[in-house]
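Each in structure tokens, the structures are laid out below.
Each of the two complexes below includes subunit A, the first together with subunit B, the second together with subunit C.
So, the complex of A and B:
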């Protein structure tokens, strides 16, 4: 087994860009990652591509060979789909492929084109990440599913809409200097509380936006990095994946996320780390409550203790363990199939010191990324570490 | 690196069963595979699931955790999509995961539900395996795409509709005793030639049917098989994957399939085998011409020589190297996301000696499976070998 390094990362602008095709977006991110890595396209041996709803949004399946062609590489390419964790599983398999010696250089990432659809069609498309038979036909949508989880959390552990508003405010603050983020706008707790209610207790500012964008990461073996004199200080030292019942109705409780716990447990064991070692975190905050569930599932807080973390300042940029310094899905945006790759890209930039928010974490050495599918019926966790 | 064994296989009936859901179909195949393997569900560490058009056919994405639940297993589950090669890539990653020691037991396969859709919707859904911008909007469908390939082949190398009719007749003959096959009906060359023309030179009997069905295979390490006294005589000794331009217009020529050549070259090298070692073959004959292209791409025939193979009797059940003893996609059926797994299942049965057509190949030890996506923009090849 070899170590796995991040040789380069690439992102497109996140936001509304309905005139751009998925292939166009992914090519931009992938070529940027290649340039950041300083490698030749001919060295890329495999491409792992995450995408969720391309069949609905672009009438395009079988995207992987298309994306390889767009990147100018003639190599095997495979699409991974795990709802909002599509790029997470694409990344995970890339890490395992390099680690096992099957390939020295794998490009992984993903893309989603969403804003070309009507709001109704986007909502319907996203709903395919839930259970069609037992949830969607009963009228549930994702805001209402996460609202059920928030209500269950409040009922069991306490917490308030104000607590969640602090999560939203923090992530908007973090996105301000991030050149790739969809939103560059400060919000206040009052604005979040006053925003239109979407599904009680979640208002409009508790939800991530609809986003077009792409992400790409070049993973290489230690040996390849050394042989090619690559500057690749960040390694992936741990990877884990967990699953759960797809439908909320089949779960014993809604205020915890066992898929995250399983993925984290595997990733920590893989890296030989535990939560206390972790300096900063990128989690899947598709809704504010999702960030709370994630930081508890990842072991940074006991169940019921995470909801006040942002309010207490523990997870802000100046806190002890900043969460979502990129702005998170909430403010950086959530191009579904790209998100898992963008978390690796942002964490790499943060640890390398070339992210606008790196100044808040100059001594950070261990980062964790957390990508979730649907209502956390699937989760993927990675541990990244930087040579200092 | 450990060796990888096929511990068990499972298939549903292939055919029209529009009243059954995808989850129902996959559960049947997976539970059959578990029973065939004689293992506990708790031992399954990962599930790799292939599906192509579930978002369109069932409004269901994020199927992998759903399928894990249906199989009664609480483990990471990932969906793979590579058009008609979806289960092929799911199988390939399962083989690599076991081989690298990441897991000892992985269940891989796939499912497709298609006949619940109208014919027009199926045609439109299948078309998402081609290039939306450069092919579909120009009016191409899959029968016409393969008709272009057949015309290019005839023009370059010769061959005739009669040659292709022999492929169809052979595969219908092979399906006759196969209990899982969609068609149990002999056809004659004359019937094939007289069938309604779909896209010249391909008639109705040159095309595979629309099929509902599922497949599952349990892969285990040599060590697990030995430690648990499993009867698992078939090993996967080689795996390869290749890609090509998605759109036909971007290829230099249409009468050859470089993705198959690349996948085969990798799989043979991996297994330490060459085409002369291979006793029987399951190839991706979505159309009769596709079988011809496949047996040439796999190295069994020089370009231009494969078209007469069925007519000459070389690839029939009594021939030197039978092709598609299962009946192939043509007569066994083609539930898109399940096909790559069903090829492994059928090859395993043929090599173990418990397939109705095993009697034709009592001494066979080396088999090859070939699963292709779209117009062979992707291809996956595996080499299977049996202890004798």
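So, the complex of A and C:
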């Protein structure tokens, strides 16, 4: 079993760019990743491509081979779909493929085009990540599903909308210097609390935006990196994935996310690390409550303790263990099928020292990424470590 | 696309007739149709068991931004209610959405989606 290194990363601007095709977005990210890696396109042996709703947004199924040709390579390409965790599973399969020795170079990432749709159509498209028979027919939307979890959390553990507003404010602060982020705008706790309600108890500023964007990461074996003299200081040392019932109603508890716990314990064991070793984290904060559930599921907080972490300053840029220094899905944006790759790209930049927020974590060596699908019916966790 | 869903449709009809049911495996795990094995332990021994006549709201939300299929309902309350070995997710009927609360007693019923005219699972207040 060989080690797996991140040779290069690429991102597009995240935001509203409704006129851009998905194929052009992904080509930009993938070509940037290839250039960052300094490798020839001929060396790419597989492309793992994450996408969730391309058939709805662009009437385009069968996207992966299309993307390979947009990147100018002739290799097998496969689309991975796991709702918002689509790129997370694409990355995980790339890591497994390189580790096993089946390939030396795999490009993984994803893309989502969303803002060309109306708000109603995006709402309908995103809702398909939920259970059609038992949830969508009862009017469940993506925000209302997380609202059900947020209220269940408050009922069981306490916490308040004000605690969640601190999560939103923190992630907007983190996005300010990030050139790829959708929002470059500070918000206050009061603004977040006063924003229009989307699905009570979650308001507009508890929710990630609708975003167009793409991400790509080149994974290589240790041997390939050495033989080609690549500068690739970041390794993927752990990978894990967990699943759960699609419908919230069928879960044992509504205010905890066992899929995250399972993915995390597998990834930590794989890396030989535990939560105490982790210096910084990128988690799946599609809603403010989702960040709380994630940091608890990843083992940084006991259930019920995570909700106050941002307010207490423990997860801010200057805190003990910064969470979502990229701005997270909340403020950097959430092009659904690209997000899992974007988290790896941002974590790599943060650890290499070439992210605008690297200055907050100069001595960090271990980072964790957490990508979730739907209401965490799937979760993917990776451990990344940098040579110091 | 047909909107018939064998297993689910019969289950919804049974609720409409006041004869709601769920499945329970020998280990006591509850589940809902269509189902061939227990989702928790894989047991094929699923016993059809009467659904409790009332449940308790465990969590709810009032949705102000609906998908197109619920456009005429905004705002509406969706709740998850506990019926013992299973929970049900439904649109709350019989009360102003903003008056729904955790702990409320509800009964399962079949309502009509005001936008599409389709049947839906409702949780009716008593």
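We adopt the following convention: the second predicted complex is superposed on the first by the 388 of 388 C-alpha atoms of A that agree within 3 Å, B and C clash if a C-alpha of one lies under 4 Å from a C-alpha of the other, contacts with A are read in each partner's own complex, and residues count from 1 in each chain.
One rule holds for everything that comes next: a residue touches a chain if its C-beta (ideal position, glycine included) is under 8 Å from a C-beta of that chain, and two chains touch if they have at least 3 such contacts.
Note that the structure is a prediction, hence the values are computed from the model and not measured.
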{"item": "Subunit B versus subunit C as contact partner of A:377, first or second or both or neither", "value": "first"}
{"item": "Partner with the higher number of touched subunit A residues, subunit C or subunit B", "value": "B"}
{"item": "Partner chain(s) touched by A:31 [first = subunit B, second = subunit C, both, neither]", "value": "neither"}
{"item": "Contacts of A:93 with subunit B and subunit C, given as first, second, both or neither", "value": "first"}
{"item": "Which superposed partner A:245 touches (first subunit B, second subunit C, both, neither)", "value": "both"}
{"item": "First (subunit B), second (subunit C), both or neither touched by A:61", "value": "first"}
{"item": "First (subunit B), second (subunit C), both or neither touched by A:74", "value": "first"}
{"item": "First (subunit B), second (subunit C), both or neither touched by A:133", "value": "both"}
{"item": "Touched partner set for A:254, first subunit B, second subunit C, both or neither", "value": "second"}
{"item": "Partner chain in contact with A:52 - subunit B first, subunit C second, else both or neither", "value": "first"}
{"item": "Touching both subunit C and subunit B, counted on subunit A across the two superposed complexes", "value": "124, 127, 133, 136, 245, 250"}
{"item": "For the subunit B and subunit A complex, residues of the former touching the latter", "value": "21, 23, 52-53, 55-56, 58-62, 64-66, 68-69, 74-83, 89, 93, 96-97, 99-102, 124-125, 127-133, 136, 241-246, 250, 259, 262-263, 373-374, 377-378"}
{"item": "Residues of subunit A touching subunit C in the complex", "value": "119-121, 123-124, 127, 133-141, 143-144, 147-149, 151-152, 155, 196-202, 245, 247-250, 254"}
{"item": "Of all residues in subunit C, those that touch subunit A in their complex", "value": "5, 8, 31-32, 39, 58-71, 73, 76, 78, 80, 86-91, 102, 113, 118, 120-121"}
